[in-house]
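Have a look at this one.
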Amino acid sequence: MGSYLFYFSTESIAFAKTRCQPDLLYWWCVMHNNSLFQRVFQLFLTLFVVLSINFALPRLMPGDPVITLLGQDVTVVTNSNLAELRSKYGLDKSLGYQYAAYWQNLFQGELGYSSHYRQPVTETIKDHLSWTLALLMPVIAFSTLLATILGTFAGWKAGSKLDYTLTLGSLLTYSLPQFLIGMLLLKVFAFELRLFPLGGLGSGSSDSALTNFLDTVWHLTLPVLALTISATAPKLLVMRNSAAKEQQQDYITYATAKGLSTCRILSVHLLRNACLPLLSLLALNIGFIVSGALVVEIVFSISGMGTLIYEAAIYRDYPLLQGCFLILTVFVVCINTLADFLYRIIDPRITNPL
Amino acid sequence: MFRSRLSLPMYCGLSLLMILILLALLAPMLAPYSPSERFTPFALPSAAHRLGCDDIGHDILSQLIFASRVSLLVGLTAAVASAGLGTAIGVLSGYCQGYTALFFNSIIHIVLLIPALPLMLTLAAYVGPSLGNIIAIIGLLGWCSTARVVQARVLQLKSMPYVEALRSLGIPEHQIIVKHIIPNVYEVIAAKFILAVAYAMLTESALSFLGLGDPMTISWGTILYYAFHRGGFVNDLWHWYLPPGLCIAAATLAFTLLAFYLEQKAQQAKILTEDSAHAA
Amino acid sequence: MLEAINLTKYFTQGLLNQKTICAVENVSFQVPPGKTLGIMGTSGSGKTTVAKLLAGLIRPTAGQIVYKGTVLSELSSAQARLFRSKLQMIFQHPSLALDPRQTIVDALLEPLFVHKLIDSRRQGLAKIDSLLHLTQLSADILPKYPWQISGGQAQRIVIARALGLEPELLIADEPTAMLDVSIQAQILTLLNDIQRQTGLSLILISHDPDVIRACADRMIGMEEGKVVMNGIPAAILPPSDGLFALRNTLPTYNTGGL
Amino acid sequence: GCGSNKQPVSGNSSNIPSLTIGTTMKVEGINIEDYYFGILRGIFTHKGLVKLDENSNFTGDMAKSWSTADGQIWTFLLQDGLTWHDGTKVTAADVKFALEYNMKHSVEYRSHFSLIKSISTPDEKTVVITLSKPNPRFLVNLLVLRTLPQHIFSAVDNPATYNDPKAAIGCGPYVFEKLDTKAGIITFRANTTYFRGPPPIPEIKVRLFKNPDALYMALQNGEIALPYTYSAGTDPIYAANLAKNPQIKLTNIPNLGVSKALIFNVTKPVVNDPQVRTALSYAIDYNELVRLFAPTSGIAPTAGLVPRGTPGFVETRPLEFNPEHAKRLLEQAGYHLTDSNIREKNGQPLTFELLIRSDIPENIRLAELLQKYFNNIGAKLTPKTVDITLFQTIIDKDRSHTSMLSRTTPWGMMMWAGMGTGYMDARNIGWAMVSDAKFIDLIDNMNSTLEPEAYKIHSAALQQYYAENLPAIPLYWDSFIQPHNAALTGWKISPMYGVLNEETWYNLKNSTR
Amino acid sequence: MLLNLDKLQVYFTVGRSVLQAVNEVDLSITERTKTAIIGETGCGKSVLAAAIAGILPDNAQASGTITWENTLLSPKLLRTIRGKELTLVPQNPLGSLNPVLTAGCQVSETLARIKPELTSAERYHNTLELFGTVGLAQPGTVYRAYPHQLSGGMAQRVLLAATIAGTPKLVIADEPTKGLDINTRNQNVLLMHQVFAASALLLITHDIEVAATCNSLIVMYAGELVEAGSAKEVLKDPLHPYTCQLLHSHPSHGLTPIPGLPPDLTSLPAGCRFANRCALYNKLNNSQKQLCLTEHPPLKPPGSTTAVRCWHA
């Protein structure tokens, strides 16, 4: 139920008590006999593993991380100048040392220096993340809103023409590759009709806050549209299915029998129950959405997180890659926790506190 | 009433899929030319070349037809890998208790936490572009959602009276899993599998688009890649970039239609069992 | 034959401030061979928990189950499986107790194969034939799926499946709660008949005093996990008022207009 | 040679209030180690001691004149009236500082200036550079210098991370104003205190694009005046369409680099045989490659590698497509056909790997074609696409490639002993790993001779060596295609930076007004 | 006459087959009558109730006429009286409450529809009063409780509270005691008679003891009425063999089961639908048997409140 944190059956604890195995993890669990503790413990365990993977992943990639630092034009490469760069970026130390330093830095909130962007990682990420969020917030908002409203109607009228068109339409848009949507939008609306800019997030002329804001909105319209088109479909389908299922429940029949208006049944009764799976889906997909806008970023020349990760990976910028992973991980954890909260608020049946 | 309507999407999906599969199987017969034969570069559509030629003179129609093989292959194998892995881990994490559940649950959560795109980029950079690697990457990353859905369903099934009844009859746990749990998550798995095919094909095209695919094999994704990077868009060569995009869309649509149908069936089956609980 | 001594089961619930629920506390009773023990009690009094403890589906927090001199909770899981075929349980929801993907015939055959009571399908079919006869079912039900049969039939299939293992004790947990009166009568008379024919012991769980009165030789009454009554039903339970029992309790009967 | 930049400022030009340049170069920051911003520095804000004029001759940049007697001691006399953008005077000490600072902090510069033994500044206007041994070609290395202000950088310990606007202070004709990463726009403003007088275009903006399609759409919509990429032109696939637009004019800029070359690692089996390499050179259909990849300006190359416009070029064997001859050569070399359709010599199959960068679709297409060409003569080529980091690791560090596909830049062709020797010589960049005695001898001679005539003779011999040994096969020669808004005229061309250079700023006119 | 059903028929289309769930039911209910319907599972009791309340599922087709206070019960009329004058106590109390809304919210929502003039504070107090009326000990707590926090009995009472929010003329209760244990059942049945004293009640149940609390009783079998009459008389002195055999299967009446299965509603026999299980049938002579098998028995005497559908009763 809780979409993200661990499910722990009370049954297994009871078993643990009778078996009483002298094992560390069980010992902890039994001693504290507190599932909140277990959850937090496991969360940290997972985080530990994930963050360790984040450390290992970039280093698993073939290719020398400092080679591109020599400049992309022709240069004579000698081992000594590579070694010098390596020591400059702390890559000459043993892996164990680097790993220890990685954790130490993490605890100090220090993400290091991006070798490719030549900026503190935090700063690089801050810029890119803010643009990604500027791009994604409206996408998430619009697509969720659209999916919720249309999905509820489709589910309520399951089997009707309306349901049919909406379902088929969203299946169709779901099938279109994102970059195709993006390129077609760019071509038609920006190039042929010249209604929107050809890319970027602003015109660079910052006269007043308002014009600046409007300018940004104008620049964001097409990419947001492209992403919204492809992000709405899966949500709509989930919403529709869940609404169609809830619509057959007794409480809806009873609500009808009570003489409530369709509007109230839909908005108060059906919606709150049916939106739960959508919430899980949203929380689950958030990580992918944040980094997965890469294609649209490329099409619309936006420097977002997708591009950042892409560049970091291509240029083996270890600290930056680690930083991006960390941010995404934190993002996913936070959103999921938030979703968990919301889930609990919407669905009182989940009584367990976080 | 809805049931009768539902079969229409299924028929649409099935026939679309049949067409594509036939296309792939009969490629050498259907394609007017060999996919590697070169004619006038950037030739516009004509009687000789229905969809014109690409930047180095390949007949686009022939390429499209041959590409269906690779694209379908990638889609299916990646989906088999991801659905297989997802089912195994989903069932184990859902059915088992204690350590085993903890272990598999942790794996699911860890993979869920690792951001997919960076991992994909990293893996692609690590293993280099080749068809096999793309399949492996999509398979490895795609199993998570299957596992979650399967796990949820298994948790639900586990508390169904029939499982308890089987346990009280002394049926061994592994037999319960194999004979009684997995067949009952079948629709979920089937739906997820088919969705995974669609997902894999979309991902393949996206990876190709980003230059992380194998540019040496002809897939719809790579045709689009070249169309995009070799001036197809700017020069308005719609006959170059549109058909592969539409092929991807059609194949994905075929699979999603089927998945949608199966999902509906699965849901009906679920409602059926729940209903019978009340009715009985 | 079977004796429960001070059975206790606690459940823990909640995450932050865990609550311990005493589902069953210090329950002791005996089931003599060939007799029926009725367990009565209101909802949530721990009847199902007792049944599950006896069937070995959950482990007791404390207490022992002694079956023919063997203490069940001390057995290893392999040994326990042997005993499990001797102690069979049937559940409240008949149609949910069958795998919806399995035909009736397979559902009947499976435990027989697992416990090596049959070697071949043919042998199994012969055995099933006798089971169907015992439960008054016709053979045309065999190829059907659980959702194609009625609740009463499903309950009979479940009973036949349990009987196939030649149990010495059958625990029926509210076997008719989900069925209507006429089918309830079918099932209960069936259980009585079987008991007469095979001499198995029966634990019948129900909250309906009429049912207990009609079927049980001895009974215990439970409330909040504890045994509050123990004895012969006719002695403990008040005599039945018949169909008008409830009507008679209406304080001022409103005759309305008829 | 000496030169002076003092020219009368052309005051009567129809003024261009603002010029927008589009680029797909990825500028990430304004620190001095950012590669792409470094190019913009060279174009707009910073100056070196010398630069190349339109005919590839050295001319003064910051230096008014220079002299050397033996190629070991170089004396430069600085231009008068040069000031940094913040008003401070430019002195010889700044030049000395910049060279030393760069050598201290940048590995790249250290390799360019490794010959420098000492630098002295006898007075404010004179810089004397002493090399450890005579090197007549030293000025080539100096071309990459972008002089830095001592008063700012002496306090900067780690220039790689110095992204303060002050990091962009130079003494060039334009002043860096800002880098707007959100909009992807870099703004430069005319330097009003420039010693030649302020350049006539008061504002120049560089718009960053991530995708060339959007860039060329912007060009067609008139949003940008010209697209620009360092040492590369517009891909012909875009050019064809742009040519139809009357608003846009395409200019051809001579390219002294080789646009695409198949470079062999001559130490690796199979391709270490010059006869095999020669045979392979006959398998390639150069005319088709020109048709496909450089239809407007491309020509089939000669075996001497160096493009025809290069000073000192001599005609060598034209590369021709003759598969039958290729097969004959392979038979002669001992490679015979087997059942698998791949030739073998004593059990050694004629197969080799070609390393290509995955982010250059053109190269992948080329590799695909090469694979087919070689397949025709019974040689199997396996393309291996890798990303840029891995590519550089393999070719520059591990040197484990068998063959690779790359371009050579005009400046790269000039470095080491010139004539592309840097790319070949195992002692330098050495992608081809050539180290045979005859070649080394030629290089040493070219590197040490002070006589232009002697240099010409050696370089002619070198081109002959290339033609016979083929350590690299040029696939085609072409010019850079530079599109620009047709209304703008008066473009000047620099061999290093193409149309974007100081002379252009002073000559560009808007002909419509 | 409060409610009158004339030849009500309900069919379901399932795949290609048509299932006759309710066949030609004539029924009339006057003000303040308490009527119980009993019958085996699947005999069409719930469908009948749903047809009256107008909440049949999509795949149902109904024919016949329903009149409400002598006017035809049109969808429009139904919409205005539903929840006010015609109310429903659903079969599955826990499932019929929206799991994500508090019990109080769901009752006050009904109040808001019935008495739109109330302010939210008034609604709150009225709801608490209603909870008190249906015998909930702590109305305040129940108001804030979510359905999953209620026991079956409490949920049932919450639904009763919602039902009496208006002044219902007819209450249809579909198995209000299903799944409750015997004490709760008794309490709730008594409560129901108390709070619905002024309304007509149509009580659908399996539980003969509960049915006995009403004053008139209708017995259904395979989609049709087989017997109707005063509860006391029918239960004491059943006329139809099915009623008879049903009563005998009650534990306190000897636990004698009815043999066989009810007919398949998709292919009904031509004659009496109970013939194959009938105890009386076996005692008949051949020609009488023939009548049972070939001719569908009418409800007789027609139009009377006491009627039976059997050739030989």
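Think of it as A, B, C, D and E in the order they're written, each chain with its own count starting at 1.
Here, a residue touches a chain if its C-beta (ideal position, glycine included) is under 8 Å from a C-beta of that chain, and two chains touch if they have at least 3 such contacts.
Since we're looking at a predicted model, the values are computed, not measured.
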item: Least step count from chain B to chain C, where 1 means the two chains touch; value: 1
item: Touch-network distance, chain D to chain E, counted in steps; value: 2
item: Between B-D and A-D, the pair with more C-beta contacts; value: A-D
item: Separation of chain C from chain E, taking each centre as the mean of its C-alpha atoms, in whole Å; value: 30
item: Mean-CA-position distance for chain C and chain A (Å); value: 50
item: Cα-centroid distance, chain A relative to chain B, in whole angstrom; value: 21
item: Per-residue overlap in chain C, given as positions that touch at least 2 other chains; value: 151, 179
item: Junction residues of chain B, two or more chains touched; value: 1, 125, 228, 233, 279
item: Multi-partner residues of chain A (each touching 2 or more other chains); value: 11, 15, 62-63, 159, 183, 187, 298, 314
item: In the complex with chain C, residue positions of chain B that touch it; value: 160-162, 164-172, 175, 179-180, 183-184, 186, 269, 272-273, 276-277, 279-280
item: Parts of chain C lying in touch with chain B, wherever the complex brings them together; value: 52, 55-57, 81, 84-85, 88-102, 110-111, 114-115, 147, 151, 154, 158, 161-162, 165, 178-179
item: Parts of chain A lying in touch with chain B, wherever the complex brings them together; value: 4, 6-7, 9, 11-12, 15-16, 25, 42, 45-47, 49-50, 53-54, 57-58, 60-63, 158-159, 164, 167-168, 171-172, 174-180, 183, 187, 237, 241, 244-245, 248, 284, 287-288, 290-292, 294-295, 298, 306, 309-310, 313-314, 321, 324-325, 328-329, 332-333
item: Residues of chain E touching chain A in the complex; value: 53, 55, 58, 79-84, 87-88, 90-92, 95-101, 109-110, 113, 146, 148-149, 159, 162
item: Chain C residues within the chain E interface of the complex; value: 42-43, 150-151, 153, 177, 179-186, 188-189, 207-211, 213-215, 240, 242-247, 249-251, 254-258
